[in-house]
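Each of the two complexes below includes chain A, the first together with chain B, the second together with chain C.
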Partner chain A sequence: METFVQLVVNGFGKGAVFALLALGFVVIFKATEVVNFAHGSLVLFGGYLVVATRETLGWAGAAVLGVVSAGVLALLVERLLLSRSRLADPFSLALLTIGVDVIITEEIVRRLGVSLPFIGDAWDAQPVQVGGVTLFRTHLVAMVVATVLITAFFIAFRYSNWGVAMRAQAENKEAAALVGIRSSRVTATAWLVAGLLAGVAVLFIATQDFSGAGLSRGTHSIALAAFPAAILGGLDSTAGAIVGGLTVGLVDALSTHYVSFAFAKSAVFLVMLVVLVVRPSGLFGTRESTRV
Partner chain B sequence: MLTVRNLHVRYGRSVAALHGIDLDVPDDGVLAVLGSNGAGKSTLLRTISGTLRLHRGTVSGGEVRYGERRIDRLDPAAIVGLGVVGVPEGRQIFARMSVDENLRAGGIGARSAEDRARARERVHELFPVLAERARQRAGLLSGGEQQMLAIGRALMAGPKLLLLDEPSLGLAPKIVERIAGIIREIHQQGTAVVLVEQNAVMALQVADQAVVLETGTVALAGSAAELSASEEVQRLYLGGHAESDTAAEEEAALARRQRVGARGLSRWTG
Partner chain C sequence: MRRWTVVACASALVLASCGTKGGGGDEGGEGAGGVRTGVGVTDSTITLGVMTDQTGPFKNLSTGITHGNELWVEDVNAQGGVCDREIKLEIVDHGYKADTAKTLYPQLEPKVLGMVQLVGSPVTAALNSDLEGDEMTTTPASWSSELLDNPYLMIVGTTYDVEMIDGLSYLQEQGMIADGDTVGHIYIDGEYGFNGLRGARYYAKQHNLKLREVKITSSDNDLTNVVTGLRGQGVKAILLTTTPTQTGSVAAANKALGLNVPILGNNPTFDPLLHNSPAAGALDNLYVVASSVPFSADIPKMQEVARKYEEAGFTEPPNAGVPYGYAVAEVWGTVLRKACDNGDLTRSGVHEALQQTTSAETGDLVAPLDFSKPGAPATRQVYVAQPDKSVPGGMKYVKELFVSEDAKTYQAPHEG
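Take a look at the complex of A and B:
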């Protein structure tokens, strides 16, 4: 029983992080219909800046800088590359993001060399005893942070002008343009938000608690689990991203324990396939997921 | 004053949609743009509202001015900022958002919060049903109500010139009457209107000036009264053509009487 509680908390902790990534992914898709395959590299970039500036700025300053940099990088990718080819097919834009992903990832991996730095200094490897159960602090903090950020996002998405503009554009680009919604602004903020969320997520992923591995190519492949999370929730559903993220986290934690670490990776994708067979547009999605 | 001079528009490299359009809409005018499918009516509106690029169209010659400003190179948001706002064909409301959120989206282009509040009041006065159903999902409104919402959404930006693309499309004759009344009222409140219509009867009732487009050129132009009386418009749009509801009905009745066999309507308007 204690193990099970521990597993569920682990699952939700990981799930909260996947939810942050999947949410960013979905926000970009909703605003631009582009599937952003560069999401993993945004994660790595944010993490790398923490590593690079931690000595001089201290961990907290470096963490803030890392989050902001991931946001700015996402914004630059959108402004410099995607916005210039706005009329291109979403499919070719998705391929463009793969190119961006490879370039950024390989450069960071090269710079990291053989070091695999952990970057969750404030919470990593400081287990907490609750009753008879030992819990990872990283997972608890991740849940709290994700809850706060996701709540803030949904309030803004539902009630602010930004949210209204964003949803209007997601639903009908031409009608949104006709009433004076600036599509470039909506798109740019979507990328910025997604980048910031990716920058936060990496502070939990590159830890001993979460993955047992520091910042490396492995971080990138863990971040890739945000794809099945977003897809099984429904690529165009923000609520689906949260449910998808938590599902992926739980499946990962449970299958790692009850089956094997190696199986956990494929288990996540198996769940995604099962969901897609039953509901082709994801749990909460409204469009055909064949759009990818 | 909207002025269109020698306007040429093409889609892609080869498909020319407009060749050499000239027209004027004074600040207190209502211009009806008539023509059959593919004549270039929607292309004309897209050019004025700046959404042509979303359809991969380009202005290959001529210009569009609003007042002194040349607007054919501006983006849609800037054009809305100048007071030129469009209601797209087929209404295209934000179906998954509430009625109120649709209006809010329309108000994002407004200059100030006061303008927005005033615009909302005006919209609720013109369309009380939109106030009653503020929280309802827009997709659940009837066709006529959706058209009202689409017009209301455009009014939220405080337009000086309103571009309407086939507001009667798919609506019952009674509702078309109401929409016509509303367009007149909007005009009386000081907003100029460009009304693109296949329903020539309705359009010529509302407009003071009218043009007929044919394959991308202005075939006829004049006052609405002149055009209503012209033989060509009578033949093409008011009598023997199945494009407008009433004309289609008359034609169908005639066909039945004369037993010349069943002729299908050229367009399904249900």
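Take a look at the complex of A and C:
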């Protein structure tokens, strides 16, 4: 029982970070119908700036700079590349993001060289014991941050002008444009928000508690591992991102012990496939209906 | 939505996954000094190959080994070289990827007499038949006894299976484990991991240990859930045949989860950079077994190498790879001199000289070596070391060279 409880705690802790990552995918998809495969490189970029500026700015300053820079980079990608191909099919734009991803990732990995810097200075490897259960501080902080950010996102999405505009655009792009909603502003803001989320997530990923490794190519792979979370939750559902993230964390932790470590990697994809067979749009995704 | 989901899934899966020779070595020809020469040898130079990992999971250890090789080359050339020829190294990076190594090998092979360094069990396994076909005497920086069926592979030090047997024997001698205990073994899927596991299984059988085996890959860095599971199974020790990053994860989880059992690792499991990681405070339970000395060893030859390392101005912090790399090259020096004395510096001449080497002297950097018994590890002696941030190289030995009774009676897979 003790092992089960510990695994559940581990799983939820990691799930919070996966939820943050998944939300990044969802925000952009919801606003633009583009799947952003460059999300992993945004994560790496934010982390790299923390590493590069930590000595001069201190960890907190560097962390803020990293988060903001990841947001700005995402904005630049949208403004300089995607917005210029406004009429392009979302499929083509998704392929474009793969190109962006490869270029940014390879450059950062090259710059990192042989170093594998950990960047969760404020919370990493400082576990808390509560009644025989170990709570990893990185997981705890990630849960709090994820709760705050996701709640803020829900509120903004429901009540702010941007949120309403984004929902309108997601519902019907042409109709939204006709009523005066500036599509470019909605899209740019979505990319900015996704970038900021990537910048926050990396502060939890490149830690001993979460990934066991510092900033590296592996960080990028983990960011991409959040993709099943977004898919099984529903690519256009914010609630789905949370449920998807927690599911991925939990399935990974439990299957590692109760089945095998090797199986845990495919278990997440297996769950995703089962969900998609039953609900092709994901757990909370919008069902597509076509009148014939 | 449905269409997108399918395309997105397919793309995610794609991203997630994101010269042959006839063999026979060289015939050789007459060179300077009446010595027969062949590939990689001219009248003024002998070129040796280094296939290393400068960008993969063992890049720090590999860099240490390469610097050790380079220090020896500098020393030997300052003394006039070998056989009146200067030694040169031809260095390539395969990033611990067998497919990259397969591409690089045909470019390197025509330039070198042999290979003073070939990092990685999977890489060595992938090139095994090429090396044999080309009669390329090679020192793998991989200590798997499974490789000993290839007579051209010169493993300097003992093998992972023997390290594990000696290490377990040390834990038992110290009272940290007892017959009948449950012990976990986390190992990398591949020849490195399997060979460590082979030793653990042998020892477990002799001492009735219940072995809980966990197979991982070299890129699985978060092992918290694995250690959580092992805690639930009541393990008294954790054995590691992993990368240093994975060692950090296990050590950190061992402490965080309050398990605090001894961790025993094969020689590649430690890297002094762990002292600068968040796992630094959790390394006190780690024991590393190797047959080459740690960088901080208090022996004259090691102190000489350490001084030269400092003078050379290498920017990387030193690790146990440095003395090992120096020692390997020293063994190569012994073999090349013997080949020179035999008047044959071709690949087959080097191989013959290797088989005549019954005692290679490295100034105690590595346990005494005997290469004359086919299929058998060149030594079964090991040191046991523990992390210590205060010493250069980040590790000090806690038990000097020894061989356990179990290791003496253990038969390696290709031993005759």
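Please note the rule applied: the second predicted complex is superposed on the first by the 282 of 292 C-alpha atoms of A that agree within 3 Å, B and C clash if a C-alpha of one lies under 4 Å from a C-alpha of the other, contacts with A are read in each partner's own complex, and residues count from 1 in each chain.
Quick note on the criterion: a residue touches a chain if its C-beta (ideal position, glycine included) is under 8 Å from a C-beta of that chain, and two chains touch if they have at least 3 such contacts.
A quick note: this is a predicted structure, and the numbers were derived from the prediction, not measured.
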Superposed partners chain B and chain C on chain A - clash or fit: fit
Which superposed partner A:79 touches (first chain B, second chain C, both, neither): neither
Partner chain(s) touched by A:236 [first = chain B, second = chain C, both, neither]: second
Inter-centroid angle chain B-chain A-chain C after superposition on A [Cα, multiple of 10°]: 150
Three-chain overlay, closest Cα atoms of chain B and chain C, distance in Å: 15
Common interface positions of chain A, toward chain B and toward chain C: 286
Footprint of chain B on chain A - complex, ascending: 87, 161, 164-165, 167-168, 171-183, 286
Chain B residues within the chain A interface of the complex: 49-51, 53-54, 56, 75-77, 80-81, 85-88, 92-97, 101-102, 104-106, 108-110, 153-154, 156-157
Sites on chain C touched by chain A in the complex: 1-2, 4-5, 7-9, 11-13, 15-16, 54-55, 59-60, 63, 189, 214-216, 219-226, 228-229, 231-232, 245-246, 248-249, 252, 256-258, 273, 277-279, 281-282, 316
Parts of chain A lying in touch with chain C, wherever the complex brings them together: 2-3, 6-7, 10, 29, 33, 35, 37, 90-91, 94, 98, 101, 114, 116, 118, 120, 124-125, 127, 129, 134, 136, 207-214, 218, 221, 224-225, 227-228, 231, 235-236, 252-253, 256-257, 260-262, 264, 269, 272, 276, 280-282, 285-288
